[in-house]
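Below is one structure; the comments refer to it alone.
All chains are identified by letter, namely A, B, C and D, in their written order; residue positions are counted from 1 within each chain.
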Amino acid sequence: MKKWLLSTIFGLSILLISIIPALADGPVKTLPGDITLAQAQKILTAAVKKAEEIKVPMNIAIVDAGGNLKAFYRQEDAFIGSIDISIKKAVTARYFNMSTRALGAASQVGKSLYGIEVSNNGLILFAGGVLLVDGNNVIIGAIGVSGGSVDEDESVAMAGAAVIK
Amino acid sequence: MKKWLLSTIFGLSILLISIIPALADGPVKTLPGDITLAQAQKILTAAVKKAEEIKVPMNIAIVDAGGNLKAFYRQEDAFIGSIDISIKKAVTARYFNMSTRALGAASQVGKSLYGIEVSNNGLILFAGGVLLVDGNNVIIGAIGVSGGSVDEDESVAMAGAAVIK
Amino acid sequence: MKKWLLSTIFGLSILLISIIPALADGPVKTLPGDITLAQAQKILTAAVKKAEEIKVPMNIAIVDAGGNLKAFYRQEDAFIGSIDISIKKAVTARYFNMSTRALGAASQVGKSLYGIEVSNNGLILFAGGVLLVDGNNVIIGAIGVSGGSVDEDESVAMAGAAVIK
Amino acid sequence: MKKWLLSTIFGLSILLISIIPALADGPVKTLPGDITLAQAQKILTAAVKKAEEIKVPMNIAIVDAGGNLKAFYRQEDAFIGSIDISIKKAVTARYFNMSTRALGAASQVGKSLYGIEVSNNGLILFAGGVLLVDGNNVIIGAIGVSGGSVDEDESVAMAGAAVIK
């Protein structure tokens, strides 16, 4: 059976499960397919594991498809100032549907988006914010990591994002 | 055929239509079922019609399921100060999944949520913010209206919300 | 008859129509000639048409002569982060009576306005914000577009602005 | 052996474990005894369990002794607007070393702290913010819960706080 057909059937099942309770409990409050807390916890666990491997304490933030905070961990000794940065990285990635590394590249001095960081109450334009794309190929949120070098941050974000693909 | 079955079949069709293009164009960027611009325009048109009937110029804001602005109209002579209020009314309704009238009732002096308005960069706690619930009984956003008395505002919001039920 | 004379007569007629109701209803609330919702809708429609032609989903914001939001549309799949940017582009264009491209050119590193983006709660200094000038050669507001490359954004803004000239 | 002696020995051991790596890696970055991510996760798990028992989806935030975010979970269908409220409840409790219920009682109309909510970028003055006091009787942070009635919120916060006593 083709992969997209399997994905579609899976997606339809999820929708059914979401619609049925609505008959009893009032309107459905969350769009079917948005990130769940269980998914967020799985992502956080994978990201923490990677951070421990590379021995860099991290702040790890996850936002949902609407760009709203879903879950957050700060490891011991991770920068206090990176709470806000990790959250802004996740928001920035989802707000522009690309990694903060990619957006940053287009926003350097002399590049077309120079100065974009003053919008949206502050964007973060260096690596460490990565999209969360699920097995149905839908963007369900983003992860932002801050605490080490930007390459370290991004490697932890990617380790987290990998577990839901 | 039962109504919920029809709704489910309709929802499934929408999901299918959303998933197929994703195979060609990268990940799906919007969760299936979120409010469309066409829906928002239909809501705005109905709200403007009501505002004209009651002869009160209005600001009308629509947010999506994630609480992010989708569409906005300001009629001639509508208060400039109501741009922000109408948007905050829509956001407030979606953020708490109830009308701003209901939230306001629980936030009066001596009531349990007194003072809640300082959160979320400012909530609006009087009538005029109403949920947008579609024909599948899913909350797909909210509408906020400001420009007249709170009862007038709410009547315009409800006229808008009615067209997608 | 000379063109300026026709324009003047036309302008006076508009003024008259605006003043007459005021005799009954208190002071005139809106400057004669400011952008109307009908004009804004016409501009939005033209901008959406252009965005569909170039196949880039956009956020489109229109502000009036006072720099205050008049109307807004977000198309499906347009960046959430571009809500704020499109509005700021329109505001920036009207605040300085030039396109954001022109202001941006004067604000690069080493240029005279370097750093101006931190004023006014954040200006946007790349293309996509364009003045709205009506048939009487009066600036009646501005349009800001965000969602694609800055050249794409500006082409959509200009398609919108063209319909009221 | 007396309980305080055991506590002291335990505390010293923790201190030693914290200081030893510091000899190699520069200054100790976190106060000995501050809440750990492991403790925060244990608290979150207990709070989620309680929320599931009472069938109210919640936002749950934990701050450390410095009042800075340590961990956060949002359950499915929990109010988006309660992200900020749950965090502000935790911050408020720690900033004034009392529950938000207690601070709220002193801040009602006519009471001595009336108006305090506008300080600190917004305090929350209703129940649901509770101090985290560890087995050594030290305040190591606070938990803030938002999503249901204020009594429900507080019961979930207390279920979380109970596990580290």
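Assume a residue touches a chain if its C-beta (ideal position, glycine included) is under 8 Å from a C-beta of that chain, and two chains touch if they have at least 3 such contacts.
Chain by chain, the UniProt names read as follows: A, B, C, D = Heme-binding protein.
All values reported here derive from a predicted model rather than from experimental measurement.
Trainee: Tell me, please, which chain's centre (mean of its C-alpha atoms) is farthest from the centre of chain D (Heme-binding protein)?
Mentor: C
Trainee: Rounded to the nearest 5 degrees, how far is chain A (Heme-binding protein) rotated relative to chain C (Heme-binding protein) when their C-alpha atoms are superposed?
Mentor: 90
Trainee: Starting from the mean Cα coordinates of chain A (Heme-binding protein) and chain C (Heme-binding protein), work out the distance between those two points in Å.
Mentor: 34
Trainee: Measuring centre to centre with CA averages, how many angstrom lie between chain B (Heme-binding protein) and chain C (Heme-binding protein)?
Mentor: Measuring from centre to centre gives 25 Å for this pair.
Trainee: Using CA atom averages as chain centres, what separation in Å is found between chain C (Heme-binding protein) and chain D (Heme-binding protein)?
Mentor: 48
Trainee: Provide the list of chain A (Heme-binding protein) residues touching at least two other chains, using ranges where the numbers run on.
Mentor: Residue numbers touching two or more other chains: 29-30, 64, 66-68, 97.
Trainee: Name the shape of the chain contact graph, picking from line, ring, star, complete and other.
Mentor: Graph shape, chains as nodes and touching pairs as edges: none of the named types, so other.
Trainee: Quick check on the complex: what are the chain A (Heme-binding protein) residues that touch chain D (Heme-binding protein)?
Mentor: Touching chain D (Heme-binding protein): residues 29-30, 36-37, 40-41, 48, 64, 66, 68-77, 80, 83 of chain A (Heme-binding protein).
Trainee: Given the complex with chain D (Heme-binding protein), which residues does chain B (Heme-binding protein) contribute to the contact?
Mentor: Those residues of chain B (Heme-binding protein) that touch chain D (Heme-binding protein) are 66-67, 92, 94-97, 109-110, 112-116, 118-120, 123.
Trainee: Which of the residues in chain C (Heme-binding protein) come into contact with chain A (Heme-binding protein) in the complex?
Mentor: 79-82, 84-85, 88, 104, 107-109, 117-118, 122-127, 149-150
Trainee: Per the contact definition, I'd like the list of chain A (Heme-binding protein) residues that touch chain B (Heme-binding protein) in the complex.
Mentor: These residues of chain A (Heme-binding protein) touch chain B (Heme-binding protein): 4, 7-8, 11-12, 15-16, 19-20, 22-23, 26-34, 64-68, 97, 131, 133, 136-140.
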